[in-house]
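Could you have a look at this structure, given as structure tokens, before my questions?
As written, the chain order gives the labels A, B, C, D, E and F, with residue 1 at the start of each chain.
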Amino acid sequence: MSGDTSLDETLARLPVGTLVMNLDRAGFPNCFMKGVAPLTPERRFVGRARTLRCLPTRPDIVAAQKNAAKPTPHRVAMDGVSPGQVLVIEARGELGAAVMGDLLAARIKAAGGTAAVTDGCVRDVPALAQIGLPVYAAGANATLFSNRHVAMAIDEPVACGGVLVMPGDVLVGDAEGVVVIPAQMAETIAAAALEMEELDAFLLEKIRQGAPLSRAYPPNAEMLAEYQNYRFSKRKL
Amino acid sequence: MSGDTSLDETLARLPVGTLVMNLDRAGFPNCFMKGVAPLTPERRFVGRARTLRCLPTRPDIVAAQKNAAKPTPHRVAMDGVSPGQVLVIEARGELGAAVMGDLLAARIKAAGGTAAVTDGCVRDVPALAQIGLPVYAAGANATLFSNRHVAMAIDEPVACGGVLVMPGDVLVGDAEGVVVIPAQMAETIAAAALEMEELDAFLLEKIRQGAPLSRAYPPNAEMLAEYQNYRFSKRKL
Amino acid sequence: MSGDTSLDETLARLPVGTLVMNLDRAGFPNCFMKGVAPLTPERRFVGRARTLRCLPTRPDIVAAQKNAAKPTPHRVAMDGVSPGQVLVIEARGELGAAVMGDLLAARIKAAGGTAAVTDGCVRDVPALAQIGLPVYAAGANATLFSNRHVAMAIDEPVACGGVLVMPGDVLVGDAEGVVVIPAQMAETIAAAALEMEELDAFLLEKIRQGAPLSRAYPPNAEMLAEYQNYRFSKRKL
Amino acid sequence: MSGDTSLDETLARLPVGTLVMNLDRAGFPNCFMKGVAPLTPERRFVGRARTLRCLPTRPDIVAAQKNAAKPTPHRVAMDGVSPGQVLVIEARGELGAAVMGDLLAARIKAAGGTAAVTDGCVRDVPALAQIGLPVYAAGANATLFSNRHVAMAIDEPVACGGVLVMPGDVLVGDAEGVVVIPAQMAETIAAAALEMEELDAFLLEKIRQGAPLSRAYPPNAEMLAEYQNYRFSKRKL
Amino acid sequence: MSGDTSLDETLARLPVGTLVMNLDRAGFPNCFMKGVAPLTPERRFVGRARTLRCLPTRPDIVAAQKNAAKPTPHRVAMDGVSPGQVLVIEARGELGAAVMGDLLAARIKAAGGTAAVTDGCVRDVPALAQIGLPVYAAGANATLFSNRHVAMAIDEPVACGGVLVMPGDVLVGDAEGVVVIPAQMAETIAAAALEMEELDAFLLEKIRQGAPLSRAYPPNAEMLAEYQNYRFSKRKL
Amino acid sequence: MSGDTSLDETLARLPVGTLVMNLDRAGFPNCFMKGVAPLTPERRFVGRARTLRCLPTRPDIVAAQKNAAKPTPHRVAMDGVSPGQVLVIEARGELGAAVMGDLLAARIKAAGGTAAVTDGCVRDVPALAQIGLPVYAAGANATLFSNRHVAMAIDEPVACGGVLVMPGDVLVGDAEGVVVIPAQMAETIAAAALEMEELDAFLLEKIRQGAPLSRAYPPNAEMLAEYQNYRFSKRKL
């Protein structure tokens, strides 16, 4: 794994659960977003975090944004997505309004974004499913953004699903949900997860054949030795 | 759009999200039921609200209903559904018991009802999926109605999913959830939503081709002019 | 129904909703697990309860379990599953960590277990779906077990989804969720539910043909008589 | 106890807890309002329920009430309070806005009302404490009524704190909360509670002197006999 | 009202409820913090917002703050409080750990701060009550800050109790809770609230004397005329 | 500190917050019960845990307990309290019914118990305040125990307020709430907390006199030296 593309390809094949386990071992127990689930048919994604922070709406701030003769942070966040980025929208767990709908998702997709993730709600769910962008959210609610939210800042640290997300962090999603990998740890975690996947596949087969957990998970010395032999023989071929 | 059938046909093609946006613009921000999701394969429906109000159960009221020598409001609500109606059951967000099961859903269907909607739970979920009636609820719970609820009144205003529903209101449902349109606004909202759908389809295509939100959503003057040309040329054909 | 296999075969065909209704009539209104839903494609199961009780984690207890030179209760619970058992894991409704993942589910399956049920979360959801074991849970969360839980006891009475589960109770699951049948009542309830299914199928057909609930549900004397005739004629054939 | 005044005097001395226990024995287990607590220094009250039902607000209904050239149900509910009544306001557990403040509470007091009870919030809490009216609510929130609620109906059955309240029911409140006694049961329950209080006072003294629960609560035959002697001797004096 | 001291003196006498009502009339319906209640004997305060934003903790960020050879944002926030400021701590509604204890509250007090407000928890509650600083919070929890939080930024816009707080906003607290007044509106709102207080006191007296709400609240023309006379006569004295 | 009495006397003077901080430093971050608050005027207590585990009620288990010709675990738990014990009742966070009332609290008091603690509700709140026993609970609800609970086991490990409690653990309560100290750590934690209290009192005084947190909390080298001098001089006296 030398370049980001290679790293991304590796991450794209790794289950979120395995990445979480390796982050836990590395001292990062709180890395899985709670209550943030896939809402679209597309699920797997890898992306670098671009963040948008939404706060409770207030008329004077909304008016100031309108009078500012420039796009709101909400639109800037989406227009400015770079290829390979995932837009992470902090919504304070608010379930009473949406943070985005199908047209905004289409823009993220067109800009090369790999996904959108929020601990709030999204809208236009049937159309969203046609865009081809993985969208993870706390729920669906067609109520308009402006009834609860005002977009306030871009590329600040945010909280999403109870996890801290720094701009540039690597996020990976699958049917289970979303894991946040601190940027500087992505290579290490990916490598460790890749090894763990190989071992786990071996152990799964053993368990299916009847090995009890007391031998197979965690693997005892005998089982580990068997695994080393298996790996060795596999590589000889 | 002159008759109800035509209105219903129009509404049947409109996404809930687009109807909600037009209601918001018309001054009705709180029209989407929160936490009320489709539980059956059938989803899209249009219906006029028939309402049933359930309250916490109490033995003397239950006994009085039994001794009354006439069907309970619960059964009357379902038997009396007219073609084109959706039964809306206020359940106070109670997740500890069901408000209906498959046989009652079958009756609503047979009576010509277009859907059942509740902010409580439903039961007999596997069988419910065979009835052919769209059912929207806050969840599934097989615990019997009588453990938590007593049906109290029919065709009163009710709260469902945090939204006021007046008898006769027009409800529309799709995979996103349910929108409540005040009866007197249904024509106006449907017409506005139809126009918005046409514009949004045009803008979506532009966004897919790479137009940023700063030009496309909301559309700036240039984009709107392009749309008018497109519409004009399309109609000439 | 004289043997357990026959009982299990009967229960395997009965909807959870119908079992719940018969338990309610028998004086057991609180038998359906609240908020415990199927997370895997496999759903229907019948099993005898083997229980595992998890409590909030604490370092001294974890250390004691590690130093004990024997497997933890967590692993013993799964290794010791007998054919026909369902593992019921009390997790106090904790949504912040998982109680098991794919390898442990594979062990339950290999040991002959029929399902795993918890009011907490599970992890490795995509892989879990490949194991072939019905898994019911309150949600998915990849955060590791040890962050919130310590396994404390096996085969004690537990609470799961707000329902008491005694070791040996008969649990049945389908798309609706999970019902807990006290062991000594399983035969009676199964027999009553079987009869109810037959009647309900008859009534459903009547309702589909237009019979109002005032005649069909609950069935009035005339409808019941018609049913008796139908049953009699059917049996003559 | 022959008149209502006498009944009210009796009820005014009885703890809510004792009334709840006697209602439970009479088959009414669900009679204590959940999450409805006293917010003012005054607490004890006895009153007949006058009910007000609030629903989620909607602009067309609010406009219709304004154009109706008569007071809204909200104001009618309070102006029409009769001496001895408690106003019970169904607020759907909504914690985001108030259902009343100090001026409305003053009106209830001036009209002879004995208390106000709601499963929503109240406002003007410091001033409310000066009015001299017991107020029970789910919390304090100064946000205005009209942001969430529209008053819809008076003297209908309502749900409050998870309990059914029929107009005319007898409500009693103390520091513990509020109990709802069906009107037709008030005399019986009061009499039974009065007796229970006498017995409990005797048993409490015994427990304080060291009697274990196995003898004193529930009282065994010996303890009951001792109580009968005590009562007899007390009455002789 | 020409200077801030005069404004503060006025605000210090105005109930939170009255300020909220005037903000609502001015188009700011969402200005009262939900679920943020006084935890100390001192309650009334007026202060300009200094803000601190806390996010979910993460080991690399904590390590970076420790290695930075300067105080953490958490300590800087408190050390840098200026006289007349209230420290507003965004805690994402987290109830599982505290954001401050008695020593930190003492520092805010010593620095001239007028209060501390958070939608999280505080600790050292008995000692906190001795400091003499009004503290408003969502609850008490002695669990240490670092278990859930990392302080991230000072003097950014924050969300607290569902309300947007901009640095420099004017906050007022009393037994009811906390209202947020946008800085530029404080004078106007204070003046309007002062007038409303005078009118309300008059109306309260009328209601106590028996005036129905239909005449007194909102006051009809006759009542308003009477009030003008009363004001006029009072001022002549 | 050589005997338990001495330990108890020390603990009785230590704030819960200081004990929690020392447990956190010793590797026990999760030791403070969440959402368990004092409901009686008496608050401070020290006690060894006697535990009672309550589960969701079920008729067959209730009947078996009645027919067993011995007291239920519920009553045994209270009758068997030894002097110096605190009864900890696991109630699964259930807010819909009580786990005890005034007579049972009186028994705990008479038996020498120092407190009762539950993550459920208690009843008879006004009378409970007269018993003289500190009672900590998640709330007040007069609904009877048997509606939701069945007592199942005594002196097993339990969860209460999200914290593991082992029989024999040392619990301390004050106005802030309840801390659970593993039995084997009580001496060490008490000693460390005592020292911390002394230091904190010194630092508090410094902060009150104007020392910033950057010098005083955590204390820098200069401040610590000053403290050592102060201690030394104090001891000389």
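Going forward, a residue touches a chain if its C-beta (ideal position, glycine included) is under 8 Å from a C-beta of that chain, and two chains touch if they have at least 3 such contacts.
What you see is a predicted model; the values in this text were computed from it and never measured.
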When contacts are scored as defined above, which chain pair ends up with more C-beta pairs, C-F or D-F? D-F
Matching interface for B-C, options C-F, B-D or E-F, criterion over half of contact pairs identical, gives E-F
Inter-centroid spacing, subunit F versus subunit A (mean Cα positions, whole Å): 40
What's the distance between the Cα centroids of subunit A and subunit E, rounded to whole Å? 37
Name the residues of subunit C that each touch 2 or more other chains. 30
Residue set of subunit A touching subunit B in the complex reads 71, 75, 78-79, 95-96, 101-104, 106-107, 109-110, 123-127, 129, 139-144, 147
Would you tell me which residues of subunit E are touching subunit A in their complex? 27-28, 30, 55-61, 92-93, 150, 152-153, 156-159, 162-164, 166, 182, 184-185
Please name which positions on subunit D make contact with subunit F in the complex. 15-18, 20-21, 24, 29-32, 34-35, 37, 174-177, 179, 200, 203-204, 207-214, 216-217
